[in-house]
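Look for subunit A in each of the two complexes below; its partner is subunit B in the first and subunit C in the second.
And now, the complex of A and B:
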């Protein structure tokens, strides 16, 4: 992940739900209420680039106990409903509707939370869906056509990373086809 | 909220990545983001001033939280700005290597995105134009070391030595091995590919068939 990576920047802009632990007078605008102080325990939705460091930073003078400014929770994208749906059948969930950068966001959240169960679910999801994606891509690439017979719903649900995968597999199949035709001449 | 404008800028850059041409420079947006950074910096300075140099982060949690949020917002804006400009300079370098006439580009673009760019005004910022000029000079100096090889030439071996070309823009007279030819608009020639490759890349000629 590079500093200049546009996808990483966009992933960092994803909102996560969090709660402030202390009252901050000047941050009312974070709760769309600039004239009032931000009360402790107000649920707000903050972009990851802001929330992550606020959740890590230690406000107490004693470095032993950790008391961050706010507590993070899992975004809706990775809620238990979504994970149980993914457990049931990874192919049936349109990841794009959850987040355009679903895996990138999931990776970032895993860095923070270390949820091994969810990690396993996500890994299985990616493997299953990647196979399906490659299959569709090869079919589409061989027939000079981006349209996939029978897979439209699945294709619409691909998130950014899977889209890139699809495009590569598609172009690969297409290029090898072109090359094979060139050889005959 | 702070950082939203920067986000917009990154979205612009993201879109530009997949385009064949360079969309107009977002002068207004860039200016707005820098203004935001300046405002945040002013806020931060005024908070710090009230402590008169003896700031103890753990003494006033609310203040230090505000300052952290300010600082993070500035950092975020910086990252957005840098990423936006880097995407554009990458694109510009690519265009220079391809030998396209970058400064002349907006003329071709207007047909592509009607109304979005005013005809006549460049889609580059003045700094970018400067960058392109200096980068072209660097590239020319680099190429000058090996005059036998055209480093920016096409990697595809030509199928035929001679090709048919049509002239899209008046390019004046050029000298070839077989004498001079005058390239006037809408005329057609059968010429050696090596003689006109540059002109095709610059958009003066169009290769036929």
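And now, the complex of A and C:
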């Protein structure tokens, strides 16, 4: 992952729900309550880069007390409703509506939570949707019009990784089509 | 720094390499042997058949100095048989590549083309385009490595030499679609985690076409499984003493 990777930066900025374990002074504006301290256990949304650090770091310098500043919970994007919908039919869920960087966010969350079940569901989702993506990519690459017959809804639901995959599959099909048309010369 | 081209060969490069493949021609004019860097071409004496590289055969064909004898696998019956094999017999795997080329040794035995009777480590193992897989005596019913490029080129430049060219063209389109669908399907084997995509018998052009996609899928699956894999590895290292046997499985995983 490169320092300048835009997708990584955007993933870092995704908001995740979390709760502070302690009362934080001067942070009341996060809860629409400026000039008051942020009370403990108020649900707030923080960007992933900040929440991750605060969830891992120890509150006090001595290593005996290992309680972190806040507790992190799964974002709505990866809630049980979404995973059960993905279990039912991976192709029917527009992942882009959940998050533009769905898989990137999911892998980051799995690094924190180590959810075996979710890993299996996501892998199945990715692989199934990849096959479908390639089908549309080949159609688009091997014919001149970019309009995808019948798959508009599906294509609109592709998130960042799947878009990159579509592009690679499309370029491959396109290159070989260009060669095949030029072979007569 | 990003390279301008993706890794691997692009279709035009594959087609260029395919021009090194040997094809059989029937010359119409005499032509002395030409000493080339890749070796001298055989002297052409009509009406004896000769095997020359595809690029030279195309040149002679354009000048009407030779006719190309298409390989046996390009016959409509052979292609139909391969399509049957791909769709009905084994709808999972690709049809197998041609068997190793055997040469008779003149004493009733047969041995592999251009290889020692007793193979030693470090011996030359021949692969396309150094195998005569597109000449007239190539076996029918097997697709060689450069099948798509070779057949497209022959159909484009020597269509009058290919028997029932129109039918061959349709069959080739079918075959291409069937195999492209298999290539897409092969990635779904990765679902279980650690499955390996079997690409035996896939042609060079198909590889060039799907390389980006297959790599992308493998990469994605690896990234999704990375955290779980990491945890598993740590577990394994802790219990390394009694689980040494699992090491070989580890290698098979997506790495």
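In this text, the second predicted complex is superposed on the first by the 180 of 185 C-alpha atoms of A that agree within 3 Å, B and C clash if a C-alpha of one lies under 4 Å from a C-alpha of the other, contacts with A are read in each partner's own complex, and residues count from 1 in each chain.
Quick note on the criterion: a contact is a pair of C-beta atoms (placed from the backbone, for glycine too) under 8 Å apart; a residue touches a chain by one contact, two chains touch by 3 or more.
Note that the coordinates shown come from a computational prediction; the quantities given were computed from them, not determined experimentally.
Asker: Consider subunit A as the common anchor and indicate whether subunit B and subunit C clash or fit when overlaid.
Answerer: Verdict on subunit A: subunit B and subunit C fit.
Asker: Using the superposition described at the top, determine whether subunit B or subunit C touches more residues of subunit A.
Answerer: Ranking subunit B and subunit C by residues of subunit A touched puts C first.
Asker: If you stack the two complexes on chain A, which partner ends up touching A:24: first (subunit B), second (subunit C), both, or neither?
Answerer: first
Asker: Scan A:179 for contacts with subunit B and subunit C and give back first, second, both or neither.
Answerer: Touch partner of A:179: subunit C, not subunit B.
Asker: Quick check for you: in the superposed arrangement, does A:107 touch first (subunit B), second (subunit C), both or neither?
Answerer: After superposing on A, A:107 lies in contact with subunit C but is clear of subunit B.
Asker: After the superposition on chain A, what angle is formed at the C-alpha centre of subunit A by the C-alpha centres of subunit B and subunit C, rounded to the nearest 10 degrees?
Answerer: About 80 degrees, rounded to the nearest 10.
Asker: Of the two partner chains, subunit B (first) and subunit C (second), which one does A:161 touch, if any: first, second, both, or neither?
Answerer: It touches subunit C, and subunit B stays clear.
Asker: Tell me the contact category for A:9 with respect to subunit B and subunit C: first, second, both or neither.
Answerer: In the superposition, A:9 contacts subunit B only.
Asker: Is A:88 contacted by the first partner subunit B, the second partner subunit C, both or neither?
Answerer: neither
Asker: Pick one for A:131: touches subunit B only (first), subunit C only (second), both, or neither.
Answerer: Only subunit C; A:131 stays clear of subunit B.
Asker: With the two structures placed on a shared chain A, what shortest C-alpha distance in Å links subunit B and subunit C?
Answerer: 9
Asker: Do subunit B and subunit C land on any of the same subunit A residues, and which?
Answerer: In the superposed arrangement, which is not itself an observed complex, subunit A uses no residue for both subunit B and subunit C.
Asker: Flag every residue of subunit C that touches subunit A in the complex, lowest number first.
Answerer: 6, 10-12, 15, 152-153, 156-157, 180, 184-185, 187-188, 190-191, 193, 205, 208-213, 215-217, 220-221, 223-228, 231
Asker: Quick check on the complex: what are the subunit A residues that touch subunit C?
Answerer: Contact set of subunit A toward subunit C: 103, 106-107, 110-111, 114, 116, 119-120, 122-124, 126-128, 130-131, 134-135, 137-138, 161, 164-165, 168-169, 171-173, 175-176, 178-180, 183-184.
Asker: Can you tell me which positions in subunit B touch subunit A when the two form their complex?
Answerer: Residues of subunit B touching subunit A: 1, 3, 7, 10-11, 13-14, 17, 57-58, 61-62, 64-66, 68-69, 72-73, 76, 79-80, 82-83, 86-87.
Asker: What residues on subunit A touch subunit B, complex-wise?
Answerer: Going through subunit A, the ones touching subunit B are 3-7, 9-10, 12-13, 22-27, 29-30, 47, 49-50, 53-54, 57, 59-61, 69.
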